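Listed below are the structures to be examined.
The same chain A turns up in both complexes below, where it pairs with chain B and then with chain C.
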Partner chain A sequence: MSVKTKQRTTFDVFTRIERGDDLIHIGTVEAETAELAKVYAAYTYDEEDWVEMCVVDRAQLDWVRKPKGLFAGKGA
Partner chain B sequence: MENAALLKEKVQEGFMVEGMEDMNEEYLKALKQTLTIVGDTELLSVPPLLTVYDQAPTLNNKITALAIMQDEIGHAHIAYRLLKDLGEDTEELLYNREPNRWKNPYAFDFELSNWIELGVFNALFDRAGYTLLGDAGEHTSYGPWRRALVKVDKEELFHLRNGEIIMKSAVKDPELKKKVQEAVDWMFIMGLEFFGVADNLKSRSQQIEYKLKGRTNDELRQKWLSTAVPFCESIGIKVPAHYDEATEKFVIDVPFPCKFDAENKKWLTDQPDTWENVIKRFKSRGPQNQQFVERIQQGAKELEKLRNEAV
Partner chain C sequence: MAEQTAGLTSFIHLVETIADNKYVLGDRLVEVGVSGPNLEATLAAIAMAQGELGHARLLYNWSADLKGVKKADVKDQSGKALPNAVKVNNWITLIASLYATNAAIDLVLKAVSESEHAKVASRVQKLINEQKEHIIYARGWAKQLLNDKGAVPAKFKEALNEAIPEAGEWLKSVEAQTEIVEEGYMSKTVSLYEAFKAEVEQLTTPALVSTN
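Up next is the complex of A and B:
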């Protein structure tokens, strides 16, 4: 597309199926704002009647540890 | 040990690939190809379904058909999101790719003729998707894809059950039963083709060596046959395959592959073909390829035009 639209960011989507369950990462959406990300997540990931769902801007995640890459520094 | 051999050995032992630093170029390329086929297949399943959804006999049927299409778009979204995380330009892939470069199955380049065909589409083609993606969900070495497939697996099962319900209910009426048989006559062999070239014609498969999938084409075809054939037989619909007790395998009763008359949606079972020709047929695309891809791209192109006018 030649016309620049507002920059979209990636949001990670987390859900809990029932009270007491783990909060799990179920996927991602891309959106211009957090409000839109919430709408996209609710419509895209409707496979369960979640008791809880949240979206987190991926840039806001601070990693304490990550898996060490098999080819760290020289991978694809 | 060179990267390729090391990675192949690791994934065969159960190592899960989580990010780009776990991949060599070959793995990344095979993964992107696989996810492109998957995303395109999910997305391009919608235009054929749309050709007949307004013929739904009840409002409930129509709501279910729309829910299925929404699921398929969701599955496509997942595949394209994974591709974007791997560095692909998905805007370009979706909106600027020529129709003949899309990787959806040949079977999806056809309009459906009636509501019954939508049922058979769900029962046979979604079953093929369920078989292929179920295998990936069970075996794939790519962690993000394996986790994403939990949703897909649940929903594809719902689609194929919907197809079975439509077929079961239709066969109670002799006129509709004839329509079910006509639909199965062209769609059954299409379903067999989803699984690709026979194993003995494939020298090696990176998808298997890198464990993007677990089972071979012929194994997956057998798995599909093992539920598709008994289901069709149980409702009195004839299929060109049967279970052979001696070999404990399903056997296809017509030359496979064979030639296809695209205009009349009819298999020419008296004219055996080669896989080489089948691939040529796939590449030259079916009759609605261009129209269906344009349908997908239309909204984005119109919006871009409006934006340009506004500027």
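Up next is the complex of A and C:
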């Protein structure tokens, strides 16, 4: 019997090192829920004493511009 | 060495019981958690193990302070941990035990944080804050296992039906030690057992998991 986790979503992780610093993208976690994504992010990216950390479901991002595929022009 | 009142003696026993449970959970989170279902869950389990063992160390030291004895190296739990936590041997029993034990400990620590003794209250605040994530993790995984496919939900309910009543009985025994509340080491704002039942009911329906 093995535990099959349900569909996992990619969450982008953003942090601010100190007040006034830029909010920076430091990586991603894959999680089943936003609550678990927050826990995973806190434990995975604990190299700094961040003043802020947040996770964003990648599917919730509204893109203004995205890079085209490198070989899009060649029909790839 | 300070004279021990009945309330203090019971309170020291309570602190050591929580320490033992955290010691055992820390050990199980490493042993079982290292082979978690995915990388993130495994990383979090190992990080939480460090947290649980750190809490155990802090509580054992606190117990020594309260008893007025020298702090000693802790080689093993003192036998007060919940048997269900001790026998954790796979991911399903780990999550069931982590959830039930930490939810029960959280309620006790919150009652202690409202102690009439300022020094007692201040010592548990950091623990309460740090274990919030442990409870979110255990609850999140418990929900997943209850909604998994195949034999997993039934196995998990079975594990919960062992872990939850045991933690409930422990809370009842803590409540029965009225001297702890009478001497102000813990507040008596709400029934610990009733609060635990309410927490468990949020996770699943009473028909699925027995709290008795």
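The rule we apply is simple: the second predicted complex is superposed on the first by the 66 of 76 C-alpha atoms of A that agree within 3 Å, B and C clash if a C-alpha of one lies under 4 Å from a C-alpha of the other, contacts with A are read in each partner's own complex, and residues count from 1 in each chain.
Note that in this section a residue touches a chain if its C-beta (ideal position, glycine included) is under 8 Å from a C-beta of that chain, and two chains touch if they have at least 3 such contacts.
Just so you know, these numbers come straight off a predicted model, no measurement behind them.
**Q** Can A:71 be said to touch chain B (first), chain C (second), both, or neither?
**A** A:71 contacts chain B only, not chain C.
**Q** Tell me the contact category for A:33 with respect to chain B and chain C: first, second, both or neither.
**A** A:33 contacts chain C only, not chain B.
**Q** Tell me the contact category for A:56 with respect to chain B and chain C: first, second, both or neither.
**A** neither
**Q** Identify the partner contact of A:44: answer first if only chain B is touched, second if only chain C is, both if each is, neither if none is.
**A** In the superposed model, A:44 contacts both chain B and chain C.
**Q** So, does A:17 touch the first partner chain B, the second partner chain C, both, or neither?
**A** The answer is neither, since A:17 touches no partner chain.
**Q** With both complexes overlaid on chain A, does A:25 touch chain B (first), chain C (second), both or neither?
**A** first
**Q** Following superposition on chain A, which residues of chain A contact chain B and also contact chain C?
**A** Residues 1-3, 5, 29-30, 43-44, 46 of chain A touch both chain B and chain C.
**Q** In the complex of these two chains, what residues of chain A are touching chain B?
**A** 1-3, 5, 10, 25-30, 43-47, 66-67, 69-73, 75-76
**Q** So in the complex, the part of chain B that touches chain A is made up of which residues?
**A** 3, 6-7, 10, 15, 17-25, 27-28, 70, 74, 77-78, 81, 84-85, 91, 95-96, 147-148, 150-151, 154-155, 300, 304, 307-308, 311
**Q** With touch defined as at the start, can you tell me which chain C residues reach chain A in the complex?
**A** Residues of chain C touching chain A: 37-38, 40-41, 43-44, 47-48, 91-92, 133, 136-137, 139-141, 143-145, 147-152, 155.
**Q** Please output the residues of chain A touching chain C within their complex, sorted ascending.
**A** Going by the criterion above, the answer is residues 1-6, 8, 29-33, 35-36, 38-40, 42-44, 46.
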